[in-house]
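Everything on this sheet refers to the single structure shown next.
To keep things simple, chains are lettered A, B, C and D as they appear, and every chain counts its residues starting from 1.
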Amino acid sequence: MMAALLQSRYGIVLLIAAGIVLIPLVTPSTFYLRVAILVYIFSIAVVGLNLLMGFAGQVSLGHAGFFGIGAYAVAVGPTHFGIPSWASLLIGVALAGLIAYVVGRPILKLRGHYLAVATLGMGILIAMVFTNEARFTGGPDGMPVPRLVLFDWVVRGVTTWYWVSGVSLVIAAAIAVNLIASPTGRALRAIHDSETASHVLGIDVARYKLVVFVISAVYAAVAGAYLALFDALVTPVTAGFLRSIEFVTMAVLGGLGSILGSVVGAAVLVVLPQMLTVFHDYEHIALGAIMIVFMIFLPAGIVPSLGRLFGRKFS
Amino acid sequence: MPEFLQFLFSGLTIGAIYALVALGFTLIYNASDVINFAQGEFVMLGGMVTFFAAAAGVPLPLAALLAIVVAVAVGLLLHRFAIEPARGASAVTLIIITIGASILLRGVAAVVFDKNFHSFPPFAGTTPWNVGGATILPQSVIVLLGAGIIVVAMWALMSMTLIGKAMVATAANKLAAQLTGINTRAIIGLSFAVSAAIGAIGGILVTPITLTSYDVGTLLALKGFAAAMLGGMGHPFGAVVGGLIVGLLESFGAGYISSAYKDAIAFIVILAVLFFMPNGLFGKASAERV
Amino acid sequence: MSALAVDNIGIGFGGLTALDGVSFRVGNGEIFAVIGPNGAGKTTLFNIVSGLYAPSKGRVQLGVDDVTGLEPHRLAQRGLSRTFQNLQIFFRMTAAENVMVGRHLHESRGILAQLLALPSVWRQNRATRAKADELLAFVGLSAFADRPAGELPYGALKKLEIARALATEPRLLLLDEPAAGCNPVETQEVDAVIQKIAATGVSVVLVEHDMKLVMKISNRIHVLNQGRTLAEGSAAEVRSNPAVIEAYLGRRKGEADAQG
Amino acid sequence: MRVLRLATAAAALLISATFAQAQIKIGSVLSVTGPASFLGDPEKKTLEMYVADINAKGGINGKKIELIVYDDGGDPNNARTFATRLIEQDKVDALLAGSTTATTMAIIPLAEEAGVPLINFAGAVQAVSPVKKWNFKTPHTDLMACEKIFEDMKKRNITKIAIIAGADAFGKSMRDQCMTVIGKYGIEVLHEETYQPRDNDMTAQLTNIKGKPGVQAVLNPGFGQGPAIVTRNYKQLGINVPLYHGHGVASKSFIELATPAAAEGVRLPAAALLVAEKLPDSDPQKKVVVDYKKTYEAKTGQPVSGFGGHAYDGLMILVEAMKRAGGADKAKVRDEIEKTKGFWGTGGVVNMKPDDHLGLDLSAFKMLEIKNGDWTIVN
């Protein structure tokens, strides 16, 4: 039954939704809910990045930049321009999409490691603006973020955010699944395997790379805005280079080309540091070692590698 | 004019460090197609091991030698226990492994050593030399000389020795190299060892100027990677030129434009170069056979 | 009016002339073969015609339109499709999905509708799949439809590329060594498929080393040697052309000399 | 069977032991790794060292302290997660948390919401002002450091300066705080430069400062290796106007890193801790700072810094308050912290008030000058 569920188109979305509904029933304290919220928020960004990396085969080491644009939008908009949070969120997401659109055109011509270094540069430039333009962003110390208010309803509290982020993740995953099963999704997967063949079959390769880059930037910006609103503060760390690396690690660890993998990858990298605190000073040694071991034994990522393992066992 | 010279000296010194890191990236990449994000940790090991060995009473030259040996050992271990078992995995999987290795090595350094900054005395005195109104430290000259010697030695190794030629052959075509009887596994291991040694030597040379700590590697890896790509991945000469250019951009950017945005200036130039030369300054376009 | 007109085409790579002054015309529904020794410039010619390379001189015409230097996806819109000598299969997708990608130009591509998976997108997906199944049946690959392309045998992949190229509904189809690496049975199947395609009115341009196949199915043959046209004509004409014989045999002699 | 019984007995013993010992729980979130590890690392070591010491001496009113330390790596998002964990999961009685301003600002609202006393170790003034009910702070604010420096400049008739600041939270915050009070002292900034946190060469920036006519002194707000390299480059370029650093470099290792020759004549404001042995015996602070310094250096083998001292002060203020409150009742402890009077810590004398949750004044700072590779007190 599990296998059938995983193979059907929305099975994975249902599985994620079921997990989101069940987790609050078994958690002893709201601390666990906070961890779950972080998993969901990061998952949204990683699902988007996975569309770009796992399906279209284009790497990005700069997605924290888009994440940061979403986060700072909900901080700067209400604080400096009096724009309501929900409108700031939309503006931030649109801005991230726009920047991805403008920047994506030239840099998506690059391939492989060159694309990696170009996106890395882009992310660092964005983060640098957040650090240096202190009049608007509060500089390296960051700034507080006002609460999100929707029609007089103040979105606050762990339980509320649990459901907001959980439902958003389900929607984000469903949209991603829709995309993959559409002509655009097929075009993206085709580009991953052979740009030449895709091009000859009538696919406007440059345009589709741009489309998925913009979509993934939008995912990242939404996630960034959520994190800022939930934490009620934002700092340049949010948009930093290490966060970009973290996103890529989550996507690869969970499994490129797997929506469920994105959620699993995010969950592992959010929950693992919480568990590793028992190692005290040896925390980072353990984290590094676990990453290496995971990648050696599950080289395609947790979900696809395990899927293959069990698939072979049952068939 | 003195300002210009000062910026030039500063940029070349910093650039030499980036160049050595970029060279390390290039060697490993050529042999194994792996982008080794733990490259900066070799530089860290060079400085930290030397400092702690010296602090424990080992004479400085011996301490430096010990540091190189430790770094080479770590490089070989990294290859044997993290890269080799993942043979056949995709490029990004291997990258994540090296990121994991970098976190691990930093963690080990924090526990074995400490989290403070350290330095040891320069090799040739502290009195700066005056050149055309600008000043340069003797140690900076040593760094530049050292980088130069490493580059020449690498060139000699590659073009004059059998092992070097085997490395070049492995880089060009692994399968063909295997068929001619080259033990490509050993060659890849060797490239990790040489890379680690270069990183460690770089770390030893620059620590008297730049100081070192358990976590200096991250940023060096970042800049070195950018430099290697600017030069054209897989091109040793390009890596060195790329490193020097990034260093010069930073120092001239900080001096003439804005110190707050100096890193931005370097990256904007890199983006512009890649826009016109998508394979870096010296990289060759790889034509796809269809 | 011809389906394809190539006019005085030339291209060089780094000072090396790969093609120079090549011209030919392909009629509607014709099977047209391009042959020549290795390095004659056949694949380069295909790459120019399909828009992967821009020629340094000359003109390519599809029907009445000058299409020189247009990007491949624009050429696909104008009814050109091709297969590849070095397979360009989408290995991460199933056989059916490979062919479905070929339907790209015939699908409506509103991104919003796709993100929301509106009923129209579902309907369209079903129609695309049906068309893909039809084409897989046409090339004899129905049994492989839902298998990952990576698991298919080599001969099947050759046919899969043809089915995928046909999915774009081309008026002109370029086949780059469709029988290379196939066993005699598979070669016969490919032969039959090509003839069936031509029978539907699609013009086929073929690069192939299997002379038996070429001589059997081609209406006309164009011979290249070292980037230049050597001869053009029917199978019988080409076979008896002294220059062609010299190029094939003389080249071997030259190689033997160089080695000796 | 016997094994099983033994195991059960052992487990029971373990559980009862933990219960007997862990009667007061203190939670801590510090930036032990990452860019601010120079703050979090000595803070963590100090807390662990002294909690063990207090427990060895019988604990607080006979109750042992259980200390739980989490590392936020300098990321405020992590700080918030770990603070939540301490409050909700570990159910701590009090928090000693927040190495940087950014991480502290992430923790304060949680402490306020849950009603847990919090003593933080952040530098910036916003970590204590405006006053929040449950939040206290031990380090001097960077504003105080600025005032101390400007007072000293005024005494030396310096009116035109240049600033080179680290583009990190510490450097930026101190630079901004300095700019708010600089007018009061009639000092003018002729030129400003910055450097990135991990830069290892500042000659370009300093060359520009050198080329600016009329600069009488240079101020460098920053921490970590940056100011050490600024000092070296300063000497290399032969700039001969006075150089001032912030309190972020106040540790013996700074002189080593900057090299004694280059550091000669450099001035900076710092807590008495750095010059512990040089304080006159009559100084009421002498005993506490000498004791702390000796303990820290003996236990860790590393030179003492002011930052570990902030953690010491925080722990001691909390422990004293708990003793007075007769237990770990959160509200009572909070009230007692607020009543702290005449507490001599490494940072100076602390006199808390309902409208002042810092309780330090400018006298807590000493202006130091480096002479012959050592700190001296400027009178």
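The rule is short, and it goes like this: contacts are C-beta pairs under 8 Å (C-beta built on N, C-alpha and C of every residue); 3 or more make two chains touch, one makes a residue touch a chain.
Nothing here was measured: the structure is a model prediction, and the numbers come from that model.
A.B. asks: May I ask which two chains are joined by the most contacting C-beta pairs?
C.D. replies: A-B
A.B. asks: Which chain's mean C-alpha position is the greatest distance from subunit C's?
C.D. replies: In terms of C-alpha centroids, the chain at the greatest distance from subunit C is D.
A.B. asks: Find the geometric centre of each of subunit B and subunit C from their Cα atoms only, then give the gap between the two centres in Å, rounded to an integer.
C.D. replies: 47
A.B. asks: I'd like to verify one number: the distance from the centre of subunit C to the centre of subunit D, where each centre is the average of its C-alpha atoms, in whole angstrom.
C.D. replies: Chain centres of subunit C and subunit D, defined by C-alpha means, are spaced 72 Å apart.
A.B. asks: Please work out the Cα centroid separation of subunit A and subunit D, and write it as a whole number of Å.
C.D. replies: Inter-chain centre distance comes to 35 Å.
A.B. asks: Pull out every residue in subunit D that's touching 2 or more other chains.
C.D. replies: 33, 167
A.B. asks: What residues in subunit A touch two or more of the other chains?
C.D. replies: Touching at least two other chains: 132, 196, 283-284.
A.B. asks: Using the touch definition from the top, which residues of subunit C touch two or more other chains?
C.D. replies: 52, 84, 88
A.B. asks: Write out the stretch or stretches of subunit D touching subunit A in their complex.
C.D. replies: On the subunit D side, the touching residues are 33, 69-71, 74-78, 80-81, 84-85, 87-89, 101-102, 105-106, 109, 124, 126, 167-169, 172-173, 176.
A.B. asks: Flag every residue of subunit D that touches subunit B in the complex, lowest number first.
C.D. replies: Going through subunit D, the ones touching subunit B are 32-34, 37-38, 41, 167, 193-196, 198, 200-201, 203-205, 207-208, 211, 224-225, 228-229, 232, 236-238, 253, 256-257, 259, 261, 302.
A.B. asks: Quick check: in the complex, which residue numbers of subunit A touch subunit B?
C.D. replies: Interface residues on the subunit A side: 53, 59, 106-107, 109-114, 116-118, 120-122, 124-125, 128, 132, 196, 241-242, 245, 248-249, 252-253, 256, 281-292, 295-296, 299-301.
A.B. asks: Which residues of subunit B touch subunit D once you look at their complex with the stated criterion?
C.D. replies: Interface residues on the subunit B side: 2-3, 6-7, 9-11, 13-14, 17, 110, 114-119, 126, 128, 134-135, 137, 206, 209-211, 213, 215-216, 219, 251-252, 254-255, 259-260, 262-263.
A.B. asks: Okay, in this complex, where on subunit A does subunit C touch?
C.D. replies: Against subunit C, the touching part of subunit A is residues 175, 178-179, 181-187, 189-190, 192-194, 196-205, 211, 257.
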